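Here you go, one structure.
Note that the chains take the letters A, B, C, D and E in the order they are written out, and that residue 1 is the start of every chain.
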Amino acid sequence: PASETIRIGTFLSVTGPASFLGDPELKTLRMYIESINKDGGVLGRKLELVHYDVQHLADKAKTAIKRLIEDDKVDVIIGPSTTGTTMATIPLVERAGIPMISLAGAVVIINPVKKWVFKTPHTDRMACAKIFGDMKKRGFTRIGMISGTGGFGKSMRGQCKGLAADFGISVLADETYGPKDSDMTPQLTKIKNTKGLQAVLNPGFGQGPAIVTKNFRQLGMGMSLYQSHGVASKKYIELAGAAAEGVRLPAAALLVADQLADNDPQKVVVVGYKKAFEKRWGSAVSTFGGHAYDGLQLAISAIARAGSTDKEKVRAEIEKTSGYIGTGGIVHMSPDDHLGLSLSAFRMLEIKNGEWTLVD
Amino acid sequence: MAPEARSPTSPATSPAGPLLEVRGLCSHYGRIQALHGVDLEIAAGELVALVGANGAGKTTLLRAISGVQPVTSGDILLAGESVVGASASRRVRSGIAQVPEGRQMFGPMSVEDNLMLGAYTRDQRQVATDLDGVYAMFPMLRERHRQAAGTLSGGQQQMLSIGRALMARPRLLLLDEPSMGLAPNLVEEIFATVEGLKESGTTIFLVEQNAYAALSIADRGYVMETGRVVLSAAGRALLADEKVKAAYLGL
Amino acid sequence: MSQALKRKLADPRTGGLLGLAAVIAVLPLFLPNNFYYDVAIGAGLSAIVCVGLNLLIGYAGQISLGHAGFVGLGAYSSAVLTVEFGWHPLAAMTAGALGVGILAFLVARPILRLRGHYLAMATLGLGIIISIVVNTEAEYTGGPDGMTVPSLMFFGRELYGEAVWYWIVGAALLFTVWLSLNLIASPVGRALRAVHGSEPAAEIAGVDTAHYKVLVFVISAVIASLAGSLGAHYAGFVSPANVGFFRSIELVTMVVLGGMASTYGAVVGAAILTVLPQLLTGLEDYEHIAFGLILMLTVIFMPRGLVPSFFTIARNRLASAGAPPP
Amino acid sequence: MFAEFLQFLLSGVTVGAAYGLVALGFSIIYNASHVINFAQGEFVMLGGMSTVFLMAAGLPMPVAVVLAVLVTVVLGLLLEKLAIEPARGAGVVPLIIITIGASIFLRGVAQVAMDREFHAMPPFTGDAPIMIAGATILPQSLWVFGGMAVMGMLLWYFFARARFGKAMLATAYNPLAARLIGVNTRLVLLCSFGLSALLGSVAGILLAPITFTSYDVGIMLGLKGFCAAILGGMGHGAGAVVGGLIVGIAEAMGAGYISSEYKDAIAFIIILLVLFFMPNGLFGKRTTERV
Amino acid sequence: MTLLKVEALSREFGGILAVDSLHFEIAPGSIHSIIGPNGAGKTTLFNLVTGVYAPSAGRVHFEGRDITGLAPHRLAAMGLSRTFQNLQIFFNMTALENVMVGLHLTLDRRLGAALFRLGGVARKERRARDAAAELMRFVGLEAYLDVDADAMPYGALKGLELARALASKPRLLLLDEPAAGLNPVETEEVAGLIRKIAQSGVTVVLVEHDMRLVMGVSDHVLVLDYGRKLAEGTVDEVRANPDVIAAYLGSGAAGGTHGA
């Protein structure tokens, strides 16, 4: 019935160590649901957002998803923010049979494919590929890695180490740091003293990579520094300051919205999102908020196409998504690809004069 | 038994009235009432002894006077002014010091620190001689002045507790069983000291199980039973009281 | 009702156990769906751990800030042994409990020589080391992302679903409470309390204080491990997030909030601290502020914990109601 | 190789100084009440975050710093007045739980009143690394180190020499006796919270340029500071400093020579080993209770 | 046959010899007193004998067995018990429960029985309660049976320690200042108790500064000073010893009356 709202459930890491993911994600969802409702909603029905903060805790996520499914009886789920919380809830989602669009990074979420689970962010595997491609182009074959021990860093570290050989790259130093560490110079010193390294890759998110970047410059390390898409927000540049000069990373078009060619199909979308977000919240966009934007768009267009909130129908429609242009890239899903992004969705960026600039 | 021994004698009159006056004092531990309307007076310069069986409420009374035990009703007047509303530290500043039951050391601190803390509320420039005085009284404390108070023997701690209270140079000294755990020769000495303090003008309220010795040197004495004062008379008179003899002196 | 029966019911063991059983039996009538069951199960599992922890903290007076580590070891034993080594879940659970028991036994002697904050520090360190290990040994544990755990099989039947687990956890809780009450009301329990009261006095009364400290540490660790195993099979998933320091602190907070040295207090504390955050989610940004505030206010006004304070108040009410008019 | 060792050492000292600074904050309240103030890390957070936000509001750094310290101290005093004081006599464990509640509360307030993001603060005296025999250290690290040394010294003087400091210790050892000698124990407790809030906020401000700051930096710093304080012997000023340095250096050496994944575990194992052999920490007073 | 034998026992604390190469023997079935100035080492001696402290040198034998360095609970099992000068009360229990702890060794302590309430735990507990109550009556504390220990006055706590120590059915009982804080009448009661205890076959070693009690009950007195033996003998011998008078008794107490 038209009077009933469409209930969108979400459970994000709004506080805790992954809050820089959940915070912009929630803001994005709130903002767009408001504006969609103002424009009349979907299928003539208003959207209603039900949210629980689960920090980074798997147990909280499990309880939240039960609440969303059983008590709030939501129609579709967007989130959660992290791989750990996603993996903890997948069995429940699969059993309950409700579409969920995760905003977390790791490739394990959609590989192997799970019937009801989708995701919007590029996988860490793709990020590795993008980075290694760039390294290869620049002739770097001997690299060091320093990874955060959080879920994101750990997963990407594994993916990259697995992929390195394909690109003819050898990882000669492999260090880690804790999510709350405030000094990484010992690890970097070891990397520095490893003979013949040409580049260093730092998978991780939060403030850690900024500290790594600062320590990297403090130690006067000459090689190139690569960051992951986990730092794709202005905050990173702000925190690392001058030390971030010359750092490269793969990221979605959103970060360089203004620099995109006018004929770039993503231009309109990313510029629109960026403007709206920055106007409403007064803070810089990050790709993470963009993931939530994409998730929401995927969900509501699937509902619109399905003409109802019937879960199986909506799921099928999400799976059929093709040619959706989002902040993360152009999405072509299929029964055996619940992400639908190709490597080309990633852009290689370099920080110059405190700004993101497109490398290619 | 002399009849006047039974009637509450008034304290030696001093122009300013009694130094300490306790009126109808009641105190509770939770729901248990420990003091049931205690009345007593101590004139300035007097030495008053309080005796009673264990559990009578002597310690509770002293704690209430010092302000570390809540009072449910009644009043405590120091030199005519009510102090029930005053904090313990205010009362120390107005001249009340106590040698508490159980010695109450600052265990890990040195003997000397414990003594110096006794003079916490005083001008520090004046305490050096008092410290010497205490050391003269208890030479053992001087020998051990750097030892942690908590490692002293029981009797040594008792000496320290007395010394610490003396460091405050109180107007009114409350002694809760000062002779406990002390060697006989020291007990004699303690009672001599108490008499000496009285001579030098300190007002003393002495709780003692060693009732014989206490009443012998006291101007007056009170007897407490289950939270009430049941007898008061001159010290010597109480010593002669048959009931006191039977109940507290064991004679 | 006969006097004897009345007395039996007023006795914390019989009366309280019956009361708890009644609550567990009736509660489902008020649980509209699986989410509520889930919260109840979570509360029950925490309560089991807290009943054990309370033996250690409340009765024997030895603090532990590392108990989440034991819960985690139990959970991961069940997970790793079943998934990686194909063990039967019950065997894995038993092995986990045994392993945790042995670990607790080995570290107990040196650790329990410490007192107060030093003991807190040592147990905290132990818990953190455990959480670092499960975080790092990703090959077995899945690292920070956690790992899935197969369902518990019982006589060939898969135990799945909140409704089933509600009764399993309920029964386990009841059993644990019964054990705890029995222990407390025995010479062993009194020896534990004696260790808390005065070690020299306990020793001279013939209580081998070191032995009892180790014993209660091991018991509480094993209970934690078993609860962890149950939780892992129920959730079908384990992750290191709940193995860490914060969860340990939370467990201690539950015990203190409910009332130290009160078995039912541990249950009540666990229930409240599990349910409260769910009630506060509606406050969104203000959730943490409210939670912190409630925690502070409860302890300020009931420093001895909810259950003991409640009983004192009730007793005083009764006493003043029964007292003759002055 | 020596340069490498030296770098590890300098890194360890930098981090260790931060832990030591936080550990000192723990000592003060502990020394006055034997309470472990789990909100100590929140004082550190408030110092850094307030400074950042006041600077963002356009105040010059020195003014922002002073105001931030003031804000934190006021909050510390309020915490004591409104939450600790009413629960006095409740025993040490409930008081510790209250401070846990307070830390959750303060974090909640900070994320609502300020935000949930990380913030950088400009270093006091530039960020050109200083070279020492092939190893480098940031000028801000020297500030932290200096801050720790000064604070440690002041605290040592305070508790070993000053009368009020001794009264504080006395209050913790025996509150009843402290009242009987005329110590205003309420004032002592209030001051202890004020002082440690002051120390915490200064630590937070000194650290913010190195570690960045956010509403939840207090958690980790608080935890490590607690470890340092215990390792050194709770309540002992020099112990806190040494404890902090040992934890920091253990982490750095562990990360450098053994395994960066297990570096925290290495630090904890060292702490455990020390405690097994010195049950009261490195400098802690032995118990003096007699039977 | 000696019950307790102390050989060249020494204990030092940071340079202070609290007990200094002490030798003595205690025969079974009598009341022995140990007196001496404050800090003479009496309590330390008790602590050494009962395993609270380890000696710096020397040995302790109990019933012919070397018990040096054994933990107190082992000694308790062998029949040694004591009270404490610095009261060691279980303040988290009622008075009766305090005494029941003293019965620990006589009760069923198996974990399984406790956990599952097997083997008549309930019945045995009831019997233990009765036994503890009986002991409290013996020391005159029947008024405090179910009172929380932390609400009892000092004097009563002394009695409670005594009841608890008796509960373990010791053959050797060490009492550290049992009459401290008691008035003469109460002290007289304690004297009566000590005699009764001794008559029941328990050997009592008494440390006490109340000379009326010491002189009234002791069969034998040992005087310590600076950790060493100053004198030893019967009450009358010790009382007349000029060294003891000078170091300890003072002028007034030698007569055996109380106080001044």
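In the analysis below, a contact is a pair of C-beta atoms (placed from the backbone, for glycine too) under 8 Å apart; a residue touches a chain by one contact, two chains touch by 3 or more.
On a predicted model such as this, the values are computed, not experimentally measured, just so you know.
> Could you give the fewest steps needed to travel from chain B to chain D through chains in contact?
Step count on the best path from chain B to chain D: 1.
> Quick check on the contact graph: shortest path length from chain B to chain C, in steps?
Minimum step count, chain B to chain C: 2.
> Out of D-E and C-E, which chain pair has the most contact pairs?
C-E
> Starting from the Cα centroid of chain E, hunt down the chain whose centroid lies farthest away.
A
> When the C-alpha atoms of chain A and chain E are each averaged to a single point, how far apart are the two points in Å?
73
> Suppose each chain is reduced to the average of its Cα coordinates; what separation in Å results between chain B and chain E?
29
> Rounded to the nearest whole Å, what is the centre-to-centre distance of chain A and chain B, using the mean of the C-alpha atoms as each centre?
Their C-alpha centroids are separated by 75 Å.
> Give, as an integer number of Å, the spacing between the C-alpha centres of chain C and chain A.
Once rounded, the distance between the two centres reads 37 Å.
> Which residues does chain E have that touch at least 2 chains other than itself?
43, 52, 84-86, 88
> Where in chain D do residues touch at least two different other chains?
111, 261, 264, 287, 289-291
> Where in chain C do residues touch two or more of the other chains?
In chain C, residues 136, 200, 287-288 touch at least two other chains, as defined above.
> What are all the chain pairs that meet the touch criterion?
Pairs of chains that touch one another: A-C, A-D, B-D, B-E, C-D, C-E, D-E.
> Over in the complex, which chain A residues touch chain D? Could you list them?
14-17, 19-20, 23, 149, 175-178, 180, 182-183, 185-187, 189-190, 193, 206-207, 210-211, 214, 218-220, 235, 238-239, 241-242, 283
> Where on chain B does chain D make contact in their complex?
66-68, 87-89, 92-93, 97-98, 100, 104-109, 113, 116-118, 120-121, 124, 148-151, 164, 168
> In their complex, what parts of chain D are in touch with chain C?
Residues 36, 38, 83, 86-87, 89-91, 93-94, 97-98, 100-109, 111-112, 223, 226-227, 230-231, 234, 261-262, 264-265, 268-269, 271-272, 275-276, 279-281, 284, 287, 291 of chain D touch chain C in their complex.
> Enumerate the contact residues on chain B facing chain E in the complex.
Its residues touching chain E are 29, 32, 51, 53-55, 59, 101-102, 140, 147, 151-156, 158-159, 177, 179-189, 191, 209-213, 216-217, 246-251.
> In the complex, go through chain D and note every residue touching chain A.
Counting only chain D, the residues touching chain A are 4, 7-8, 10-12, 14-15, 18, 111, 116-120, 127, 129, 136, 138, 207, 210-212, 214, 216-217, 219-220, 251-253, 255-256, 260-261, 263-264.
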